[in-house]
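A, B, C and D are the chain letters, set down in written order, and residue numbers restart from 1 in every chain.
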Amino acid sequence: MTEKSKKIINEIADVIIENKKYLTKLDSAIGDGDHGINMTKGFKKVKEKMEAKDYENNKELIKTVAMTLISTVGGASGPLYGTAFLNISKIIPDADFDLESIIEIGETAVAGIQKRGKAEAGEKTMLDTIIPAVDALKESKKNGDSVEEALQQCKIKAEEGMKATIDMQATKGRASYLGKRSIGHQDPGATSSYLMIKTVVEELY
Amino acid sequence: MTEKSKKIINEIADVIIENKKYLTKLDSAIGDGDHGINMTKGFKKVKEKMEAKDYENNKELIKTVAMTLISTVGGASGPLYGTAFLNISKIIPDADFDLESIIEIGETAVAGIQKRGKAEAGEKTMLDTIIPAVDALKESKKNGDSVEEALQQCKIKAEEGMKATIDMQATKGRASYLGKRSIGHQDPGATSSYLMIKTVVEELY
Amino acid sequence: MKKKLINNPEKVVEEMVEGIVMAAPDKLEKLDDYNIVIRKGSPNEKVALVSGGGSGHEPTHAGFVGEGMLDGAISGDVFTSPTPDAVFEAIKAVDGGKGVLLVVKNYTGDVMNFEMAAEMAEAEGIEVDHVVVNDDVAVEDSLYTTGRRGVAGTIFVHKIAGAKAEAGAELPEVKKVAEKVIANVRTKGMALYPCRVPAAEESTFTLEEDEIELGIGIHGEPGTERTELMKADEIVDELLGSVIDDIPYEKGDDVALMINGMGGTPLMELFLANRRANQILEEKGINIYKTFVGEYMTSLEMAGVSITLLKLDDEMKELLDAPTEINIMK
Amino acid sequence: MKKKLINNPEKVVEEMVEGIVMAAPDKLEKLDDYNIVIRKGSPNEKVALVSGGGSGHEPTHAGFVGEGMLDGAISGDVFTSPTPDAVFEAIKAVDGGKGVLLVVKNYTGDVMNFEMAAEMAEAEGIEVDHVVVNDDVAVEDSLYTTGRRGVAGTIFVHKIAGAKAEAGAELPEVKKVAEKVIANVRTKGMALYPCRVPAAEESTFTLEEDEIELGIGIHGEPGTERTELMKADEIVDELLGSVIDDIPYEKGDDVALMINGMGGTPLMELFLANRRANQILEEKGINIYKTFVGEYMTSLEMAGVSITLLKLDDEMKELLDAPTEINIMK
């Protein structure tokens, strides 16, 4: 499985790097204009690290991703995504992912982000992409959908969640300083989260 | 005579004030962009002073002009024009000006400017307007021209002198720091001098 | 794309930190592989003070490392919180066994990264505590938000807690006086012109030739309100008015006043602002104990000003006046 | 029209001088009706040091009035030499009977106005002498021109001659050491962006987004050469190279180094420049005795930097290190 995971992480990294300017532009509107820069720095380093070394299992791989993000990204997104990956590394299976393990991955990621950042849904953050995405997976499971269907729904809800941040007023993160002026702009962290989820989904099915 | 002199000074002041922006713009190209501002400040004060008080004679009037310029204009032009007027105040007659006294006024002005500023003709300064203007008066006297003709020539030569500063490289004043880059611009001090001479000539004949 | 006097946007922080240490090689040291400045000869036998955050706020924080103020400062990327491992390195380098106080400005990123570093340090048996500075009155304070930003008031925390630590106080006492400063310090700022982060192509916001931004932070982010260009006195009335009304500062209070330039503001304009601030405080009967005019907490080349008041008691006065190696805080 | 934090272009200097004195009311005083700052309690029984020039160079000159440096400073209109009567007032206010040394920057206007003031003072029996600072290597020096401009090197004259006067030296000795500084100090500067004089609508020059101006003065005037935007290190190579070659400064020399911001340059960029300057001096074997990084001789909000070297002997070292009230020269 590690090769497959490595490929997914590599794809995520490439998508983030490709969207450096876009993410930075979003962050300029309601933040400090560095989200794309921060994330790119982190994922470039992740790619470097992965190239230099082989990993025994997913756990080890994802832990490296986590530590690399924590020690290179900085800002708010560094510890948040870092903690999310760190949590994931603790529970990620080495076998093929079934829907259950995918849900567990999502839930532990959310838990990590919330432990660090103390935010809820609706505060105009990355959580507004990730929480609906995980909820969609759980809904699919309840409905007995296939993994493919579940992932498809997950991606759709992630995108909807990301877009829903446009109309929100930020109450967490740097955008919250703008008060009402934060309304009308899509959250950069919600956008990078969507890009990651979309990539994972497209790689998995 | 004092009323007539007062009127001339008033006219000079108005012309300088009207040309504030023009002189400043010239000074921006090769200096520090304040010549119009400096001169306007000085001549506004001169007008104020003249309104507030009657003067017994030309000497007293011109001395006031000199001291006012010295204590309000600042920069290079303040002491230069101030000293010029101070010198003039020492010799100005109270009767009507004949050609001889006009020449004396011009010569003593030049002497004052040169004493203070230690410049010669050809260094791209106010002297490049004033010296040719005084020379024209002397030439006219030698030729036996009328005062009107002499003044007319004086104005023409002043204008030519001013325009000739365009092609000069400055070796005195702030413009000299530009070296060759000072070439191609008309000197602001030469321009204010021309404006003054032109005004005097137009008032006298 | 605004011009800058730099070599490579990716190297600005590293090269800057090198330049800071080279300016005072007898007093400062850079940690290898990290953009961290510590006092030469660290650790000292005293509570150590560590601060840091994104770069671009110079002289904050590295410029305040020295006797009587900070022991170490971590410079993150421009306007980006440093990472926990870097903060951890700084903690290890200055801890002299009496514990370390982290002075953190209230930004989600800073708070999280410093907290993670503190967890790492504690895991290694180092005593660490932290305070969070949140002096910016422009931001509404509420339990349901991230609260107020930490801005120029941070300098007073560095100075006063630094003096306390230098005097031999224990970690809880140093923390206590730091929190007293935080409780009594308030700031509001404005911008005439924004700034550009070296790695970005454009400024984070743009202003028309007759617009200013009120309630700005220090990371190039837009402020809380955009208004017409006003006269300096009106701007000071607005900024200082909000600050005074906040605590509120009252007749008879003794205060330290800081007129802080955002990086691109000429000193002439800061002194002009100081004049009006003095007039207002005199009118209100608030006594200025000490005035600081200059650049303390900047935002790269942003043009603008922030005004800070710190209400002083006897302890804070004594610590504010205590000797320090940092010239601009003398 | 560039925005400014001012009230009224015609009042900026007056209001600024008021703001300067209000920032240190226990140490400074403003002369009524004049934009002149003197030490509180002047005159003192010592040779008095007076300097001045156009405003817009803050902290120069008024910011250097204090024990160990100037006794009085006259602030002319922005970039415009003060008038002789104002200089004369300053001389009278600080003369304590041991004479007054005028430190004049080499500009036609300054030289003439200060000379006229000296004539006035001498006519009243005050002993006055003057020195003319001309440290700007950008300008060609020649008997047939006005010579070089006085720029940031002036601060070292203030510091060293100020310390000499404070030590009780007589006027000729103070003048002598001032002249020694002048003989050993050189500067060159550059601009990334010009500045706008408050009373003017436009900047004195404009630069494209990929152009810089080398060899600028401090009055917003264009420099001696316009080039492409270069990297910081290349710019420092160019500026410091010209400075070093001028005297020349040689292997084994001890120097003071000043990296001076023009007003709108973030400290980050100055430290970056300091890094490169250190590298160059080390390569050449020139020893840096003391470094000054910050804003000393500015040009309103101009963005850019100037680099100054002063070659030191033992006397100058001692006087440079002598105590002074002026924080940024400690």
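Just so we're on the same page, a residue touches a chain if its C-beta (ideal position, glycine included) is under 8 Å from a C-beta of that chain, and two chains touch if they have at least 3 such contacts.
Worth saying up front: this structure is predicted, and the values here are computed from it rather than measured.
Chemist: State the remaining connectivity among chains, in groups separated by ' | ', when subunit C is set aside.
Modeler: Taking subunit C away leaves these connected sets: A | B, D.
Chemist: Where the centre means the average of the CA atoms, what chain is farthest from subunit D?
Modeler: A
Chemist: Rounded to a whole Å, what is the gap between the Cα centroids of subunit A and subunit D?
Modeler: Going by mean C-alpha positions, subunit A sits 55 Å from subunit D.
Chemist: As a quick test, compute the distance in whole Å between the mean CA positions of subunit B and subunit D.
Modeler: Distance between chain centres: 32 Å.
Chemist: Identify all positions of subunit A at which a residue touches two or more other chains, and write them in rising order.
Modeler: none
Chemist: Name the graph shape formed by the protein chains and their touching pairs; answer line, ring, star, complete or other.
Modeler: Graph shape, chains as nodes and touching pairs as edges: a line.
Chemist: Could you list each pair of chains that touch, in label order?
Modeler: All touching pairs, sorted by chain label, are A-C, B-D, C-D.
Chemist: Flag every residue of subunit D that touches subunit B in the complex, lowest number first.
Modeler: Touching subunit B: residues 54, 76-86, 107-109, 112-113, 116, 138-140, 144-146, 149, 197, 199-200, 202, 204-205, 217, 219-222, 224 of subunit D.
Chemist: Of all residues in subunit A, which touch subunit C in the complex?
Modeler: 24, 28, 30-34, 37-38, 41, 70-80, 116-117, 171-174, 176-179, 181
Chemist: Using the touch rule from the top, collect the residues of subunit C that touch subunit D in their complex.
Modeler: Residues 1, 3-8, 12, 15-20, 22-24, 55-56, 58-59, 63, 192-193, 195, 209-210, 212, 229, 231-233, 235, 263-275, 278, 291, 293, 295, 298, 300-301, 303-305, 327-328, 330.
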